[in-house]
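Okay, structure first, notes after.
We just call them A, B and C in the order they show up, numbering each chain from 1.
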Amino acid sequence: MTAKKVPYIVPVGPIHPALKEPVHIELTVSGEEVISADFTPGQTHRGIEWMGLSRNPVQIVHLTDRICGICGVTHSLAFARAVEQIADITVPERADYVRTIIAEFERIQSHLLWAGVAAHELGFDTLFYLAWRVREGAMDAIELISGNRVNYDIIQIGGVRRDITEDQFEPIRRCLANYKDLFGKLKMLFLEDAVINSRCKGAGRLSFEKAMAYSTVGPTARASGCTADLRADYPYAAYGDLNVKPVLPTVYSNDINGDTYDRIVVRIFEIAQSIEIIEECLANMPVGRILWEEKVAGILAACKKAKGEAVGLHEAPRGECLHYVAMDLAEIPIAWKVKASSYSNLHVWPLILKGAQLADIPIIVASIDPCLSCTDRVVVTDAAAGRTKIFTKEELTRLSYEKTRRLMQ
Amino acid sequence: MTDEILPPEAVVELLGVALGDAVIDSRVQRRSEGSKKRENINIWITIRRDAVHAAVEELMKIWYPHLSCIAGYDKGADSQGIRVQYIFSIYGGVVRGECLVIFSLDLPKDDAHLPTITDLLEGAAFTEREKTEYLGITIDGLAPAIHKFFLPPDFPDDVYPLRKDNKKIPDSMIKDLWVCGRPANRPPAHLKGGGE
Amino acid sequence: MSVFFAALGGTILLASFAIGFGLLLTGIDRRVAARMQARVGPPLLQPFTDVRKLFAKQNIIPANAIPWLFNAMPIIALASSIAILLYLPFGSFAPVLGAFGDVILVLYLLIIPSLALVLGGFASGSPYATVGAQREMVSMIAYELPLAVTVISIAWRLHAAHVAEPFSMLTLMQTPVWDVVGPLGSTALLILLVVMAWVTPGELSKIPFDSPEAETELAGGILAEYSGRNLGLFALAQAVKTVAVAAFGIILLLPWNLSPFLGLTMVAAGIADLVFFALKVLFVVSISVTVVRMMMARFRITQVVGLYWLVLGGLGALAIFLLMADTSYVPGMI
C-alpha cells in the first residue's frame, strides 16, 4: 500500500467492491496498464472435504448443497453421481429428467446473476437491476420445484427428493415463455450496447492454445473456441437423450476472440439453450418413480456394501464440476475430492490480466465468473503498538461464543 | 496426436503397450443414464509411481487431454501410503465421445515426491500446488510457490488438511472452540469517535 | 462598507440556497434514477440525512496522508464551489460579484473544486486515490477543451453582433445568444447544446465519466480515504457544484427569463425568474446527469479523452465554423 513510485502495487481484495468473494489479487501497475498480476485465492479454508470424511453419503449430499451459494444443484448432482456409480445404483429415468431441469434452471439464474454483476462492474447499474429482476423468474421456478431458492436440497443418492407434478408444468412453461420474450431484449442490451462493446471487446483475451493448456472449462473455455461441453460430450442424466450443441461465440459473430465480450455472448446464448433443454425435458418426461430407494436406511445399506472409486461429473454454469469419491465397505467414504468449476478457470487470471487497462480489471476478473467461498478472517491493526493481528476463524468463533454468553447472562 | 477416435479398449491397449510393465491394472467403466441409456466411459489405469510423466506424454500422443485435477487421499493413519489420481479426459468436444482417463498410483508417505507435468501441460501447476498444500506431496521440478494458493496465509506450515496421520489438522484447531476465557489483557471497547 | 455587507449577506444567502437546492437535486436524481431502475429509491431528503450523518462520524486520516493538505482540500472545494455562484446570475438576480469577474473567470473557478479533489487524492497516500487523482486530472484536461470552445464561441458571436461586454455573465443571461443568430447559427447553438449536455456529467464526475471514483475499479478512487466531516464537505461541494455547473450551462445556452413573457415586475418577477431558473437547473440535471447515468456504462479514461477531444472537440469546431458563416451572412440583428 505504501509504494508511491512507478510501478505501483495496486492490491485488489480480499475485500473490494468489485469482488463478491474473498480473493486477493496483487497488480503491478504502470500508469493505467497492468504489468503483472498475482493472485491468492484460498483466503478461507472451510475444510468441507475434511468434514465429509466423517459423514455418510446422504449427509454429504446436504453438505454439497452448501459448497456454493449459486450452484445449489451442481455439487450435489456430481457427488450423487459418483456415489451411485460406486454402489451401482440405477437412477430412475424421471429423476434424471428432474435433475436436468433443475440444473438448467440453475444455469439460467446463474448466468443472469453473472450478467448483472458484469454490468455492475462496467458501471452500468440499470442493466444490473434489470438482469437481477429477470433472474427472479428462474428463482421462482426453482422455488416451485424444490421449495427453496438457494440451497435446493433436491438431489438424493439414487434420485431426487421431490417430483415435478402435473400442476407445476404450467407455471414452469409460463416462466420459460416469459424468458423467451425477454431474450431478444437481453441480447440487444448486452451485446449491442456501444459502451459494453467498446469496453469488452479485446479485454482479457485468452487464446485457444492457453485455454487448452490451462484446462479451462465452461463458458470461459468455449469463448476461446474450445468446443468442450460435458452435456454434449459425456452423456449423463437426461443430457444423453438430448441434442445439446456447445455454444461458441460464433453463434453471434463470425470470429472467436476469446475476450470478455465473447464470454458474454456465450453466457447469454446459453440462457436460450437452457430454455430449450427444459422445454424438451418437460415434453419428454418419462413417468415412474423418482428415487431408487425411498428409505434413507436402504440407501445407506447400499453404501455400506460399496467398494471402489468413481468420478461424478456435471457441466455446471461455470463449467465442469468434478467429485472424486472412494468408498471401502463403510458408510463413510475414505476419500472425497471436490473440483469446482472455477478451480479450472482461476489460474488464467495472471494471463488475461497482463497488459490490461486498470479500468478493465473488474470486468476481466469477473469474466470467468469466479466462484469462491464466502467467509473471511479479520485483520485488526493496533496502530499505537504498530502490531497487526489476524484473527483466525477459531478465535472469531471463540469471540462469538463469548459474546453470546455475555448477552445471555 | 491423431484425429481418429479410438474405442476405450484401444486406448487402454495403446497406453499398455507404451508404458509396458508400469501399468499395474486397468479397467473400462461404462455408465448409462437417462431414457436412451447412452453410455459414458471412464478408463481407470493404475500405474507405477515413476511412470506418471511418461503416461501423460503417451496420453498426449492420443489426444490433447483436459486435466480436470489431480486428486489424492491419505489411505489412513496407520497406512504408509497416499493414493493419487490424475484425472484426465480425452476426446473433449467430440459429441458423446468424451472419455475420462484416470491414472491412479500409490505413493509412500516417507517419500512423497512426484514429478511435475507442467512441461507437458502448463496449467497443471495450480492443481499440483494443491497437492503440496493439502497432502504434503513435493512436486519435483515445480518452482517453489511464493505464497500459499489454497490455504490462508496464516495456516500452519506442517499441517496438511487432508492427511489422516500425525500431520493432520490438530484437534486444537477444530474442537471445543468455545472453551475459552476472555483474554485479560484486552482493553474494553471504546465507542467514542474523533480519532484525529 | 455596505457593499461588503451586501456581498457577505448575498454570499451566505446564496451558499445556503445552493447547498439546500443542490442536496435536493441529488435527492431527486437518486429517486428518479431508482424509479428508472424499477426500484423504490431513497426519500427525497436522504442526501441531507447522509451529510448530517457524515458530519457526526469519525474523521479518519490515513497514516500515509499529508494531514494539512488532506484536511484543507474539502474546505477549498466547498469554498471554491460557492465562489463560482457569486459570479452567476440567477434568474433576473444579478451576480453578487458581477462587477469583478466575467465568464473566463468562472471557467477557471470551475476547475478549482476538481483541483482540490485531485490534491486531496494525492495527499491521501493510497494507490486507489492516486490512480483516481490521475484520472481526474486527465478528465479535467479532456472536458476543458469542448467547454472552452463553447464559451468562447458564444461570447465571440455576441461580440460579432456588437453586444456590449459579451464576456460578462449578466450580458449572457440578459441577451440570449439565440436572439442574435440566424438559421446557421441556431444549428451551431444546437450542436453546442449537445456538447454542453456531455460536458456537464464530465464536470460532475458522473457515469459514464466517473472513472476517477469508479466504485468497482478503485473502490471510490479519489475519495477512497476520505471519511466523516471531510467526506461530508466534499458531498456539500459536489451539491453546490451541481447547481453551479448546471446554472453555467443554462446561462450560456438556455438563458431566457420568465418575467418578460408574463409581464411581471419587481419582486414577483424576481421570484418567478428564480423558480423558472431552478426548474431549468432541475431539467438540465435530469437529462445530463440522471438519464445519461441510467443509459450508460462507465468509460475507460482513454475513451473519455477520445470522446471529449475528438468527437466533442470536432463538434465544437464545426459549431465555430457555422457561427462564423452565420456572422458573415446575417449581420447582427441588435
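Following the convention adopted for this analysis, contacts are C-beta pairs under 8 Å (C-beta built on N, C-alpha and C of every residue); 3 or more make two chains touch, one makes a residue touch a chain.
This is a predicted model, so every value here is computed, not measured.
Chain pairs A-B and A-C differ in how many C-beta pairs they share in contact, with the greater number at A-B. Each chain gets a centre from the mean of its Cα atoms; the one farthest from the centre of chain A is C. Taking each chain's centre as the average of its CA atoms, chain B and chain C sit 59 Å apart. Chain A and chain B have Cα centroids separated by 20 Å.
As a whole-number value, the distance joining the C-alpha centres of chain A and chain C reads 45 Å. Chain A contributes residues 38, 40-45, 47, 49-50, 85, 91, 93, 96-97, 210, 212-217, 226-230, 232-241, 246, 284, 286, 309-311, 313, 320, 322, 324, 326, 334-335, 337, 339, 343-344, 346-348, 377, 390, 392, 394, 397-398, 401-402 to its touches with chain B in the complex.
Residues 1-4, 8-11, 16-18, 29, 31-32, 119-127, 129-130, 133, 193, 195-196, 198-199, 357-362, 383 of chain A are the ones touching chain C in the complex. By the touch criterion given at the top, residues 36-39, 63-64, 125-128, 130-131, 134, 207-208, 210-211, 214-217, 219-220, 294-303 of chain C touch chain A in their complex. By the touch rule above, chain B contacts chain A in their complex via residues 29, 31-40, 42, 44, 64, 66-69, 71-73, 75-76, 83, 85, 87, 89, 91-98, 100, 102, 104, 121-127, 146-155, 161-162, 169, 173-174, 177-178, 180, 182.
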